[in-house]
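Paired with subunit B in one complex and with subunit C in the other, subunit A is shared by the two complexes that follow.
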Partner chain A sequence: MNTLPVQIAFYSLAALTLISAAYVVRARSIIHAGFWLLPCFVGVAGLFATLQAHFFFVAQLLIYAGAILVLILFALMLTRDAMSLHVPLKSHLGIWAGLISAGLGISASLVLARQSWSVTTAHPAGPARQAEALGEALIGLYAVPFEVASLLLLSALIGAVVLAKVERAPAPEPPPLADTLPEPEETRKEPVGVE
Partner chain B sequence: MLGVPTEYFLVLSGILFTIGVIGVLIKRNPIVIFMCIELMLNAVNLTFIALGRHFVHVNGQMYVIFVMAVAAAEVAIGLGIIVALFRSKETINIDEVNLMKY
Partner chain C sequence: MPADQSSDFSYLAVVVFTFVGIAFIAFNLLLARLLSPSAPTPEKLTTYECGVQPIGDAWRQFNPRYYLFALLFVVFDVEAVFLYPWAVAFRQVGAFAVAEMLIFVGLLIAGLIFAWRREALQWE
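Our next item is the complex of A and B:
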């Protein structure tokens, strides 16, 4: 395999991902932060392609750049009044955050870089074989976690519906309607009972 | 061998995770905090896939599937909570939403 194009792709995708991630954190308006998320997700998808994980390249584009980003933008637009305000940033907290995160980042990078990663000689399998292995593992060794994940998604679906319906529950029961409604029901029921 | 060594991916995902941590710590809007959590989850996915390639094993990719499923569930529920909170309190600044604090 030719290494130079892969390296160029890696460096440009890494730069795209990191710069747009930095802009997500730095952006003054929330909607800009939301839109900066898109190149970041696309960059990570490209990195997956660099790693020859073809299935996750597509999954990242569909799930993150498609579904999750759209959900976040919807939430931004539903909380429209908050959108116009600039995100306040506490300066004393910012210093602490910088210190903590710098310590975390430096220590993580040191641990990862000092580990001697022996050079892998094995080529990853082709796309078809990789997807095959993934599917076999999903219905074999990982069958139970897979079912638990589907239950989790189902409960999240129901939970999202319940959360969205909470506000509308008190609206359709005004008191005058409640007084007038039972009477016709009783009169209707009586003939049915007689028959 | 393949073009880019594994540790480059690991250091890159470490930096991406750190950017996410900075965002979670300094931002005051929960939706932006959600975005930064997504950055951190992406960094973790990148680590899993890089190590899965390094050890030529399907486990790394398998965990990414579950991380993506949990992230989707988390976004749906979390954003639902944020929108419900905004409807009832008219603000989502996390310094002003402190009813559970006392």
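Our next item is the complex of A and C:
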């Protein structure tokens, strides 16, 4: 594969990822922040593709752009006043978040800078061989982390079941979508998507 | 695409497909904008809700039970992705691979049975 097209692809995908990540942070409504995650995830998937990591490209699209994004948007739909622009997205934990992010960024850069990166002329394996190698690693060397991942998924499942049951026990305060009373005329929202 | 063992896999088709897809939608939206007559009335501009008058705001708090189903979807999506490399490597490893995947899937099935027994999957 030529280097110049790969470089163009890499830099445009990196720009897509970074710009949409910035929009995720800067978005005024949390729903918009959630939707900005989509180009961010797709950009990361494209970066995997430029690295010839075919399986991760597909997995990133399938898991993150497909499933995780749906989960995040569903979680946002459950929050009160998610769409309201009047709810400030500021948090009193901003200083701590900044400190933790700075610490993570510095430690990650240190690790990346201290690593001696070697240049190889070897070509990455084809798609089938990559999946095979990953499968062998999951069965052999990483068997325990693989099973722990299953336990993690199981705990998420049980936690969701417990939370869903707890939410149902008290009075049905958050009204379901269908059977709600009509609201006054002035709270009706502007039609979306029509200009 | 044949499973070539060493050569690069070209993403040119993916790139072309992406741009053709974007261009197709953009072209059609532009064409509709240019060709269609525009005579907006309040009735036309309301949100379409199967012919029923829309009530309230679409952005309200939804039933938290949706979240459980989204999470179930994610859990089994992740499981399906893990099954791919396992299935490809299965021939080399054999019985141990079967046992390992049985534990992996068995744990998740136990979770599904738990959700089922707690009647969390019932929609009322």
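FYI, the second predicted complex is superposed on the first by the 135 of 195 C-alpha atoms of A that agree within 3 Å, B and C clash if a C-alpha of one lies under 4 Å from a C-alpha of the other, contacts with A are read in each partner's own complex, and residues count from 1 in each chain.
One rule holds for everything that comes next: a residue touches a chain if its C-beta (ideal position, glycine included) is under 8 Å from a C-beta of that chain, and two chains touch if they have at least 3 such contacts.
Keep in mind that this is a model prediction, so the values were computed, not measured.
A.B. asks: When the two structures are laid over each other on chain A, which of subunit B and subunit C touches more residues of subunit A?
C.D. replies: Of subunit B and subunit C, the partner in contact with more residues of subunit A is B.
A.B. asks: According to the stated criteria, A:Ala160 is in contact with first (subunit B), second (subunit C), both, or neither; which is it?
C.D. replies: both
A.B. asks: Considering only the touch criterion stated at the top, classify A:Ala21 as touching first (subunit B), second (subunit C), both, or neither.
C.D. replies: The first partner, subunit B, only.
A.B. asks: Check whether A:Leu71 is in contact with subunit B, with subunit C, with both or with neither, and answer first, second, both or neither.
C.D. replies: A:Leu71: touches subunit B and subunit C.
A.B. asks: First (subunit B), second (subunit C), both or neither: which does A:Ile30 touch?
C.D. replies: first
A.B. asks: Kindly list the residues of subunit A that each of subunit B and subunit C touches, one partner per complex.
C.D. replies: 1, 50, 52, 55, 59, 63, 67-68, 71, 74-75, 78-79, 82, 123-124, 133-134, 138, 149-150, 153, 156-157, 160, 163-164, 167
A.B. asks: Which residues of subunit C touch subunit A in the complex?
C.D. replies: 1, 3-11, 14-15, 40, 45-47, 54-68, 70-75, 77-79, 81-82, 84-90, 92-93, 96-97, 100, 103-105, 107-108, 110-112, 114-115, 118, 120
A.B. asks: What residues of subunit A sit close enough to touch subunit B in their complex?
C.D. replies: Residue positions touching the partner: 1-7, 10, 14, 17-18, 21-22, 24-25, 30, 33-34, 37, 40-41, 44, 47-48, 50-53, 55-56, 59-60, 63-64, 67-68, 71-72, 74-76, 78-79, 81-82, 87-90, 93-94, 96-98, 100-102, 104-105, 108-109, 112-113, 115, 117, 119-124, 130, 133-134, 137-138, 142, 145, 149-150, 152-153, 155-157, 159-160, 163-164, 166-167.
A.B. asks: Can you list the residues on subunit A that touch subunit C in the complex?
C.D. replies: 1, 9, 31, 49-50, 52, 54-55, 59, 62-63, 66-68, 70-71, 74-75, 77-80, 82-84, 123-129, 131-136, 138-140, 143, 146-147, 149-151, 153-154, 156-158, 160-161, 163-165, 167-168, 174-177, 180, 182-183, 187-189, 191-192, 194
A.B. asks: Going by the contact rule set out above, which residues of subunit B touch subunit A in the complex?
C.D. replies: 1-12, 14-23, 25-29, 31-32, 34-36, 38-39, 42, 45-46, 49-50, 52-56, 58-59, 61-62, 64-66, 68-77, 79-84, 86-88, 90-93
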